[in-house]
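You will see chain A twice below: alongside chain B first, and alongside chain C after that.
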Partner chain A sequence: MTNMKKPSFNDTMLILVFAAAILAMPLWLDPFGGNYPDLLQKFAIYGIFAIGFNILFGLTGYLSFGHAAFLGVGSYAAVWSFKLLTMNAIPAVIFGVLFAGLLAAIIGFLSLRRTGIYFSILTLAFAQMSYNLAYSVLTPITNGETGLQLARSDPRILDKLFSDGPASAGLPSTELFGETMSGYPGFYFCAVLLIIGFYISLRIFRSPFGLMLKGIKSNQNRMKYTGLNTRPYMLTAFIISGMYAGLAGSLLAVTDPLAGAERMQWTASGEVVLMTILGGAGTLVGPMLGAGLIKYFENIFSSFDDSVLQQAFSFLPDSVLEIVVPVVGLFVGSGWHLTLGLLFMIIVIFLPGGLVEGFRRIFNYFTSGGGKAETQSVEAHNQAGE
Partner chain B sequence: MDAIFIQILNGLDKGAAYALIALGLTLVFGTLGIVNFAHGALFMLGAFCAVTFQKIITISVKVRDEGVTAFVAYKEQPYLETWFGDTGRIIIDYSVPLSIILAIPLMLLVGYVMERGLIKHFYKRPHAEQILVTFGLAIVIQEIIKAYFGANPIPQAAPEILAGSANVGSWVGLGDNLVYPWWRLIYLCFSGIVIFAVFAFLQFTTYGMVVRAGMRDRETVGLLGINIERRFTVVFAIAAIVAGVAGVMYTPILPPDYHLGMEFLVLSFVVVVVGGMGSLGGAVLAGFLLGIVQSFASMNEVKDIFPGIDQIILYLVAVVILLVLPRGLMGRAGVMDD
Partner chain C sequence: MSDFKKSGMSRRGLLKAGAVGGLVAATPSFFIKDAWAEEFRNNPTNSGEVKLGFNVPQSGPYADEGADELRAYMLAVKHLNGEGDGGMLNTMKPSMLTGKGVLGKKVTYATGDTQTKSDAARASAKRMIEKDGVLMVTGGSSSGVAVAVQSLCQEQGIIFMAGLTHSNDTTGKDKRRYGFRHFFNAYMSGAALAPVLNKEYGSDRRAYHLTADYTWGWTQEESIKNSTEALGWETVNTVKTPVGAGDFSQYITPVLNSGADVLILNHYGKDMINSLSQAVQFGLRDKQVNGKNFEIVVPLFSRLMAQGAGDAIKGILGTTNWNWSLQDDGSKAFVQSFGAEYGAPPSMAAHTCYVQTLLYANACEMAGTFYPPEVIKQLEGFNFDGMGNGPTLYRAEDHQCFKDVLVVRGNENPSSQFDLLKVVDITPRAQVEYDWTIFGGELGPYEVKM
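On to the complex of A and B.
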């Protein structure tokens, strides 16, 4: 909880610490084997996705199962911007956010007429429709199963306008005013956008608008009784959340200019839900934490195979080794989803507030025992709302 | 006329699978108030009961192949065939329907353990958390199956006598070229029987009557001295069995793989919501309805007018019904109206 007397000081500190932690990720992730650009980019991109999802789910309690659609639209819009206009990343990001926001406005306008599970099913239905259409009828736009790719023959109007030299051999790569958007520059581009996104989300959490959304979460009916029309607030939150997803999608295309329909499948929507819950829905840093953890596990665990395990457990006697390696092997490599599922169940069962609540409990355990009960009751109250 | 008739039949068998899964899903929701995202995984487990059963009864031994005389040849012969001769061969041929014998106790056990071990603790939690924990469970079940059976679909054969197609057209006097696979016809009848059995259990037995009373008002039933929780556990196990046998019988139609459950889950949730949460009749009606609608949408004549309609029709129907009828086709007031 923020110290209410001087919130601005605390928030400034928070954003500074956050920015420092994100920008220094290549340094402090090095000992964990997480320091390579691909993974760092994913941390930042999925962090944005989860932060955006949290603005909807964490603040209003509306569980959307269709956010992958916005991610996909963002990617497609960005790749089309690369194909038609320029390889510069800025227009791609802008188009990604715009189109995702547009789609979110349409889907949100219809879905927000219902609440609870009906809302979840409606968003799921819309996302699945987008996914199925992207695979079938919209093939001219989405290139179907192959996925949308760059080609040498693309028009790229703006690029042609400013450079008259012959195009270099091979495909052009995405850039930001001359800086290639792969590797570490790509990560820092995503990281800066993540910090901006985090700052906006922080401002939303602290604003009267954010309080209104929290009010809708704890009791929508009571909000309505006070004479407030909750629909515009919900719709705004939904669109903002969709725009974050579009931003994440366009960044996926910036770091790797390829867009496939599988990004829109409902399992991708499920993934962002997992990230948000794992970290702690409704908290500021939780979703980012969850996104980082899941992407880290995905990369690290799925790269383990039996030979790595043989080495890791080589201190054991052979007879034990023969039992241990296949059993552990179930949980890593291609079976890392099993670990994910188990981890996820454990979190939901024992720690519904996610990792952030876990840290808070540990923190309270080591500090005063008196404040513990109070914070937890507040926490429980926050979690109880649907 | 022929085309319409065959499309209705086509829709019915897919609809039967939707209806069976949705029936269990809505039964669990109506009684326990749990939104069970792991229900599709139960359907998939049922399908893999058939795979396991077939594997067990075809454990083989190498024997001399008498048919080949030119050189010494060996062939795999299942033990059952060695021991019982032709009877064994028939048992192997009928492995899919026979695996129901394995599936029923196994799914009963799975359902019971799942309810007592996990679901029980989530009665009072918000629906979002129920969805999330069962979603996690579905991933776990799915990955375990993948680890043991691999990622590829495992085809299961229907009994040989049912392998062909029935000449449905001549039965109703619509022309001879109207054929329909026997096994799908069997599946249709089978699902009819299962649905009837579930309804009869709830409608005509004292046990079912108490369960229905519990669905209406569980506290009052509890105050009357009835252990309603235990009955609801049984209901959960029944839902698991229904999903399981539906999965067993579906294997000859669609070779099962580990994410079969997830594919059916999304659609059966749409079915449940269209039918109205907690309404059994609604789930069955919506299941068959959506199945038929889907099969009509995949006709070429329709696809020519609305390209891609077959891909989205189910979701489109769901969206329209939800926006026009907030409680689905047959939902009761007061259920999920928060």
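On to the complex of A and C.
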């Protein structure tokens, strides 16, 4: 833990590089066809989700299969805030985080009595319960499968207080003090929150609290024998992680004011596990990378159809083209899950540490045999990616 | 991330790049705000082509319908660009379509997968609008999705031509100025089905509903309940089932002991295939209850579902928007070119999607511009014929099409693998019309600020 000695410089550098990379996403994603607001927003939002999940899974090793429940609760709370109070994004985000934190406290209190697979199954069960509640039992609150949407006739008490003018003709849009939260402004709002979230996560990783969590991961029994009660630490980590998910859920609603029950489905919980493992569990930036990769696949790969392929492979002679396009076509379009599955297998088999480990290996390959300064920078890199 | 450090870029340089990047990225939205009046989202004026967005379920319980919808869209694009035999371009009246694209621009398209989920559908619609620059979004095979995408399109100022969506809400309480529906709705199904049910099964029946638990199921259950109760039927119970449940046995067993003698399945797609097959397997149709034969009714029927359900559909009554066996010129032309292209007759989902694409293109021609408010005004109150359903009106007040409704029965002796539905009755348009105010809701503005 050399970083304990001089944490400031490397971490400041890391957060600055991270912030710059996030804010400049519209630039460097352009060549990959990823530069449009909806996808950028998704990158930032699911980045927050994965970073939060990683605080629980990466630090303590407790694998929660129910994080989508918090995402969904955050969305519902945010949409209700839009419906009842105001179209401003701030209260929506606050309520989303609060309600998710509350639910996390309840689920965490009950689930954390068990460890390992039992914990995973308990969280999965709770999430499935929440999903079914949202889907059919609580339809007055959630509007079931159709999803909770805004209506012109919603009360919006705070907005009515401050404006006496006649309501506009259409549905109001979510805003932050006058700036609409769809499109690029919405992305920058999410990006700023992502950077703040990343910073908090960094501080947690470096704090004594974070060390305690790592201790729980490596040997919980030993921690207990030293007289420590690990439960409060676990519960805190679980709640923080749930609040991150709630933040992500509320941001989904801020950028697109609709909340559907499918956000709480177990597949959504599984997705964040995939993201974290794909990127590298327990590393700072890994989950974020995994989230980006999965969302990129879901949105870009799934949109490739045969005509796009024809263009991409148009340099090939026609006879080859006729074979190549249908074969590649299996892996794009509606077959994007197949590609993702293959990629996931390759990464888990050859790079158990996820993408971050891959980058590290490449980095080490190029710098091996270098001078002293290089070794230092490798070390710095390892810390950064840790 | 930290690989950046090696590149020799200074911190300041990176920050600068970030700031500049942000500015550059945000620039387009500043310009759009101050643009001139007729500037609108994805204006194709400076481009040689116009792009349409086809947002259909390629996975999930309605995937079969989605696949057929996509075939129809690609056929429509071909016909609009003057390739193939022209299909309904030759039979549509009145029509300004020339087969030379739309307003002289070649028609291209982008596709997306709704996964039959509101979230995913909105994400793919957004991708098509923001990235691919589509001028119109169409598709969908679920009313939940249609309602969600329709309200998104209203916010974005993009016209939405709904595909297969049967809920009353789509053009009822959730109607939007930018959304249009050619397909019929649950109310019309009820109104068309009731007289036939009366004739076939009498006026003294006890009905049990199994209903898909979302907007379409709810409104269809309500409409069918209202129209059967008006006949004198009694509703024993209504049970909601989750979409995509797969196994319906736990919902079907209670029907046996409920004292009901008619089971009404408000299901669609693979759900309907599963629930109907299971109901038949459980021997419901061989039962005698209250001294009458037990009957099953599927209010919304499609040939694709009939194909999936196999023998189970024989003799089952339902309604449909269109069937390929119709003998008018429009239907024949469409069936012929669809068959020549894909080797199978089109489903009603394919039909409505094809027609919607042509109607949109024609409205652009009539308006002489792609500017959405003008196109909308052309579609509102538009009277047309030769599209397979007889004379049809796009009602201005709720953007719902009014046309004849088909009551069909699962064919007992099909002459081919596609000859699965037999038209029992063509309910005239006048009988299924209703007052648009009964469902509430409002369309919203023509102009959308961006």
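Everything below uses one rule, namely that the second predicted complex is superposed on the first by the 363 of 386 C-alpha atoms of A that agree within 3 Å, B and C clash if a C-alpha of one lies under 4 Å from a C-alpha of the other, contacts with A are read in each partner's own complex, and residues count from 1 in each chain.
By our rule, a contact is a pair of C-beta atoms (placed from the backbone, for glycine too) under 8 Å apart; a residue touches a chain by one contact, two chains touch by 3 or more.
Source: prediction; values computed, not measured.
Student: After aligning the two structures on chain A, examine chain B and chain C and state clash or fit.
Tutor: Chain B and chain C fit side by side in the superposed model.
Student: Classify the contacts of A:Gly270 with the two partner chains as first (chain B alone), second (chain C alone), both, or neither.
Tutor: In the superposition, A:Gly270 touches chain B alone.
Student: Check whether A:Ala104 is in contact with chain B, with chain C, with both or with neither, and answer first, second, both or neither.
Tutor: A:Ala104 contacts neither chain B nor chain C.
Student: Look at A:Gly333 in the shared chain and tell me whether it touches chain B only, chain C only, both, or neither; answer first, second, both or neither.
Tutor: The second partner, chain C, only.
Student: By the touch definition at the top of the document, which applies to A:Gly61: first (chain B), second (chain C), both, or neither?
Tutor: In the superposition, A:Gly61 contacts chain B only.
Student: Of the partners chain B and chain C, which touch A:Asp305 in the superposed model: first, second, both, neither?
Tutor: A:Asp305: touches chain C, not chain B.
Student: First (chain B), second (chain C), both or neither: which does A:Phe359 touch?
Tutor: second
Student: Name the contact category of A:Leu122: first (chain B only), second (chain C only), both, or neither.
Tutor: first
Student: Between chain B and chain C, whom does A:Gly341 touch in the aligned arrangement: first, second, both, or neither?
Tutor: After superposition on chain A, A:Gly341 lies in contact with chain B alone.
Student: Could you look at A:Ile240 and tell me whether it touches chain B, chain C, both or neither (first, second, both, neither)?
Tutor: After superposition on chain A, A:Ile240 lies in contact with neither partner.
Student: Please work out how little space separates the C-alpha atoms of chain B and chain C at their nearest point after superposition, in whole Å.
Tutor: Nearest C-alpha pair, chain B versus chain C: 5 Å apart.
Student: Just to be sure I follow: which residues of chain A are touched by chain B in one complex and then by chain C in the other one?
Tutor: 135-136, 384
Student: Hey, which residues of chain A end up touching chain B in the complex?
Tutor: My answer: residues 61, 63, 110, 113-118, 120-122, 124-126, 128-129, 132-133, 135-138, 266-267, 270, 273-274, 277, 330, 335, 337-338, 340-342, 344-345, 348-349, 352, 384, 386.
Student: Spell out the part of chain B that touches chain A in their complex, as residue ranges.
Tutor: Counting only chain B, the residues touching chain A are 35, 118, 121, 125-129, 131-133, 135-140, 142-144, 146-147, 262, 266, 269-270, 273, 277, 307-308, 311-312, 315-316, 318-319, 322-323, 326, 336, 338.
Student: So in the complex, which bits of chain C are touching chain A?
Tutor: Residues of chain C touching chain A: 1-6, 11, 14-15, 17-19, 21-22, 24-26, 29, 58-59, 110-113, 117-119, 122-124, 126-128, 130-132, 143-144, 147-148, 151-152, 154-155, 174, 213-215, 240, 242-243, 442, 444-445, 448.
Student: Where on chain A does chain C make contact in their complex?
Tutor: The contact residues of chain A facing chain C are 13-14, 16-21, 23-24, 26-27, 33, 35-39, 42, 135-136, 144-147, 149, 152, 169-171, 173, 182-185, 188, 256, 258, 260, 262-263, 285, 298-299, 302-303, 305, 333-334, 359, 363, 377, 380-381, 384-385.
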